[in-house]
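These are the structures in question, set out in turn.
Same chain, two partners: chain A is paired with chain B first, then with chain C.
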Partner chain A sequence: MLALKSVSRHYGQASALDGLDLVVPDDSYVSLLGASGSGKTTLLRIIAGFEEPDTGTISLRGARLDGIPPHKRGVGFVFQNFALFPHLSVEDNVAFGLRYREERPVRDKAEVRERVQTILDLVGLEGLGRRSVGAISGGQKQRVALARTLIAEPKIVLLDEPLGALDANLRERMCDELHAIRQRLGISFLHVTGSETEALLMGDQVAVLADGAIAQMAPPDDLFRSPTSATVARHLNAFNIISGTVREGRLRSPVGALALPAGIAAPDGQPMSVALPYDGISVKPRRDEASDGISARFVTAEFKGPSMLSFFRAADGSLIQSLVHLSEPRPPRYEPDQVYALDFDPELLIAFPERAH
Partner chain B sequence: MESRLLKPALAVYLGLFLLFLYGPMIVMAILSFQGPTGGPQFPIVEWSTYWYQHLFGQISGSRVSQLPVGESLIRSLVLAVMTTIVSTVLGVMAAQAFRTRFAGSGPIFYLFVLGMIVPGVLVGLGMALLSNMLGIDRAWWSTSFVLHVVYTFPFAFLVMLAIFNRFDRSVEEASLSLGVSPAETFRRVTFPMIFPGVLSAMLFSFTLSYDEFSRTLFTSGPRLTLPLSIYGTFSVEIYPNVFAFGVLTTVFSFTLLAIYGLLMMRSVARNNQQFKGQEA
Partner chain C sequence: MDLANQSNGAAIDREGALSPARKRARRDEVQALKLAAPGILWMTLFMVLPMIMVVYVSFWTQTTFAIEPTLTVDSWVRFLTSPTYLDSIVTTLFIWIVVLASTLVIGYPVALLIGLMIRNVTLQTALLVVCIIPFWTSFLIRVIAWRPTLGTEGAINSILINLGLIDTPFTSLLFSELAVVIGMTQIYCVFMVGPITFMLARIDHSIIEAARDLGAGFGKIFLRIILPLSLPGVVVGAIFVSVMVLGEFATAAALSGRKVNMLGNIIVSQVGSLKWAFASVAGVILTIIIAIVITTLLRIVNIRKEM
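And then the complex of A and B:
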């Protein structure tokens, strides 16, 4: 397993990683979800040895990695831009590590050819070996990059937004294949992405990177069902985060007073954030009397095929999103600038009590 | 309306410019085919290759002595090759070092580039004085060689710096992550990819050294390089054999340029392929 202990990395005043702990178990697929600029690429580069942490330790199967030059770490890296060797053919790209690595280079030409063939078959590139890497498509380049890394039999493979440069169709297919390939080889993948759907789809475990540390690491369904902090919930891009203060068992927030789920007992004056699922909101015409709940003005809607995402602006200016799964053929129609009441079942709320300031 | 006037005007200007640029060379080429009795000016008395034969010592009993360029040509070529090798190697290494910021990289950059900015006469004179003070004999292969490197190195350095500027570091990192050592990575990945730049740096160094004059004038000692010995014949009386020689060296330069162009095209064509074919 790969273990990082209180790893920090600063760039001048700004800190990219701040006391980060992470464990990637053997034979598992971990996806790391982080917003752009959250330091996720820095983290991978530190594991691979392209950068060194300011403090903290990294170990792989008990052996220290930090301080060891990248070519002696046995860590595979798949780059977002593929980083194929432009002057070599597909075959030569894949064979590169076997031929020229410092330790145990394979000199036997027949063996190299055979292993290249095997790995090309594994990633689905049969018969393309002689092509120039300029003459293949984006998806094929991704496979070459993967094959090139896998043939060197690394102990762990780091994938830096590997699907970012592919179009949506291809991305889904590659997701399945990445899973299948990893399971066949039995090594660990650490897959970094900014897309919550990709992270949830790919990972046996999903780690959320925020503020330079891992905010939560859990299997995807656990993470989705019970995020442990407002930050994690925000990263999942499926919740409205509403902050306020508890008064008489209700949450007083800028968007209105909200009922809290049963079982949440918080003293008056307790600051609290709640996560309200996008798809837990039912939009009703405006009530006349001032009451509980959220009143908000309809802004716009995005039609997404099987679902529709609507944007409402609350009285204080904050944006509230509502997702309707379109099981009925006719999508709901809201009038622009019309105020609606956004109702929801309080039991759907996930509450995050915060420490008083 | 404006472009209808502007375009022909620019075309005429360009034509005049090219004529100005290549006129002397064309005149020289024509005059090199002057007959044995003609001088280094028009009219052409008679068309012949007499002066080319003269140049190679195949005319006996001519009252014009053979052009003393044989040895100086060899010297200049050897000097240019030496300079090319050293400057290009230094240029690649220095540019490689400048890929990462290091303490004092700013001032050092300007110190490097100073070599091509400081007037040649000044550096040449300084070198001559210095070697006199230290009691070192001046020679084309020592004092001149040093100055040629000082002069051409910044060009090679700047060319390589521009190349590395556009170089995608992740390709090298990919090689490292495959277990390939930094030295092997340079040999197998970096060098093949920067090769077009290396060619350009070599071409710059070679041509600049080959016809360098002022620095060499002060530092070459008794054995002259080609530009110096040609200048020497110029100060006595000139015959069309100088022109014949000029044509031959020009042909030689163009051959070098053609080889460079061919190598470059091959290399660029290979590297360009990486930018094609993103679609799935």
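And then the complex of A and C:
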């Protein structure tokens, strides 16, 4: 188990991490979702030991990690740009850790060769051992980077946007393989990504990093079903976040007055944000202005193959997105600049009461 | 493939007209020739022809006051049988090896500091400029400045005596091989620092972090990652230093008190006494040595891969 307790790291005035707590259980796949600049990479670098935290502690299976130099931590790191040794062959890249590590280097050449072979087979690189790392594809480089890290049998592997440099097709295949490889080895993976689909697909648990701390950590479906804050919901890129104030059991917001789900009893004047799922909206022709709900001008639509994402602009200028799965009846063609009514079932709303300022 | 052949053939067949691709290729060739022409002309006039001339003159007949183009191997025999001149070859090689080693030993850590340890590009550039500042004074002044530094009553001896570390001054500091080596190391070190720095600065820091993450300590990382990746820089630096040191004469003349005679010194003195044929022999031998040294150094790494 990897445990971080109130870890902070500041760069001058700006703080990258601010009292972050995180637990990565043994034998699990945790994905860490964060926007770019949210301190994801800083967090991994602190765990690996390339940087030290200003305050807080890091421990791995009960032993303190902070203060120990990176080459003695037993933490594997897979770099975003792979960071392969350009002058070495695939085999020598993979064997590097075994041969040259300070603690318990493997001096028996036959053993090194055998273990390199085993790990190359595991990541699907049979027969490519003698190639130069300049002569293999991006996906193969990714596998070399993984094999090089896994051969040392680290207790935990940190993956820094490992799929970012791959094209979409390859990314999906690598996702499956990463899962399979991790399960076979029974070690923990901490996978950092900026893509919510990747995070939800990969993780047994998904942790959302926002404002220098973990905003929520939960299994993907729980996270998706019940995000605990508007921030988390925003990271999932599947909800319109609408903020306003409760008045007479309704949410008065700049985009209109919204009915709240039953069971949400909030006093008048209570500030509140709600998350409205992209796919919970039904677009209706314009209705009269006085009634409830959202009226918005159609901007444009994106055809995404199995779904269609439409963008509407509400009266206050905020953007509202509506997603229709094309397994449902195909929506009609909306007219640009035409005002439509966006209807939804109030029970679909997830409400986040906020503290009054 | 077939399609391409057909269309290509068709393009040429039509009244001998060239296809656009061929026309472009031809235009590029002409362009390349135009760009290379001044260089080729210059090198032919001032390097290839003079070198052929030097080889030719080395076989001319030298008398005390004159030289005539009657071919003979006299100068070659005299050079290769004289212990004095053979010694100068040994001296040249010895000084070269020692200076090469000392510039590497002193220069590499400096390059490591500037190229790898310092990540701020502005600071890197500033430090490289600092390395070049000595070049603002002339070569000769930099060499001569070692005399008041190394002399019996020079700066080093005065300081050591005043500190009470020694009673009698070192006399072997100046006018010795040591003085020549010190002088040359100072002058040529920067030519080693530069290329190594540039190679080191190109190393991606995440590669070094990856090696650390895999458990390697600094020694192993240096030996297995940093050194091999900087080797092209070492070779280029070594070529610069070698070419300059092997042809040196001024530092040896100024700091050795004429005790150290390198091939360059032989050439200068022979030209001074109008022994052109003999100077040519020394010149040809020096050129051969330099050619061998460069070829050997280029064997170490494939420079073309680094371009």
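Some points to look at:
Please note the rule applied: the second predicted complex is superposed on the first by the 352 of 357 C-alpha atoms of A that agree within 3 Å, B and C clash if a C-alpha of one lies under 4 Å from a C-alpha of the other, contacts with A are read in each partner's own complex, and residues count from 1 in each chain.
Throughout what follows, a residue touches a chain if its C-beta (ideal position, glycine included) is under 8 Å from a C-beta of that chain, and two chains touch if they have at least 3 such contacts.
Given the structure is predicted, the values throughout are model-derived calculations rather than measurements.
Under the clash rule set out above, the superposition-derived model of chain A with chain B and chain C contains a clash between the two partners.
Using the contact criterion defined above for the overlaid structures, shared-chain residue A:L166 touches chain B, although it does not reach chain C. In the superposed pair of complexes, A:R247 makes contact with neither chain B nor chain C.
Of the two partner chains placed by superposition, chain B and chain C are both touched by A:F85.
Within the superposed three-chain model, A:R184 lies out of touch with both chain B and chain C [touch as defined at top]. Looking at the shared chain after the overlay, A:F96 reaches both chain B and chain C.
Legend: residue contacts after superposition of the two complexes on their common chain; A:G139 is shown touching chain B, with no touch to chain C.
Judged by the number of chain A residues each one touches, B leads among chain B and chain C.
Comparing the listed stretches 7-15, 25-33 or 133-141 of chain C against chain B after superposition, the clashing one is 133-141.
In the superposition on chain A, the residues of chain A contacting both chain B and chain C are 48-50, 69-72, 75-77, 79, 81, 83-87, 96-97, 100-103, 148-149, 152.
Residues of chain C that touch chain A in their complex: 204, 206-207, 209-217, 220-221, 224-225, 228-229. Here chain A touches chain B in the complex through residues 48-50, 69-77, 79, 81, 83-87, 96-97, 100-103, 132-139, 145, 148-149, 152, 154, 165-167, 169-170, going by the rule given at the top.
Chain contact summary for the complex, chain B toward chain A: residues 168, 170-171, 173-182, 184-185, 188-189, 192-193, 270-280.
Chain A makes touch with chain C in their complex at residues 48-50, 69-72, 75-77, 79, 81, 83-87, 96-97, 100-103, 148-149, 152.
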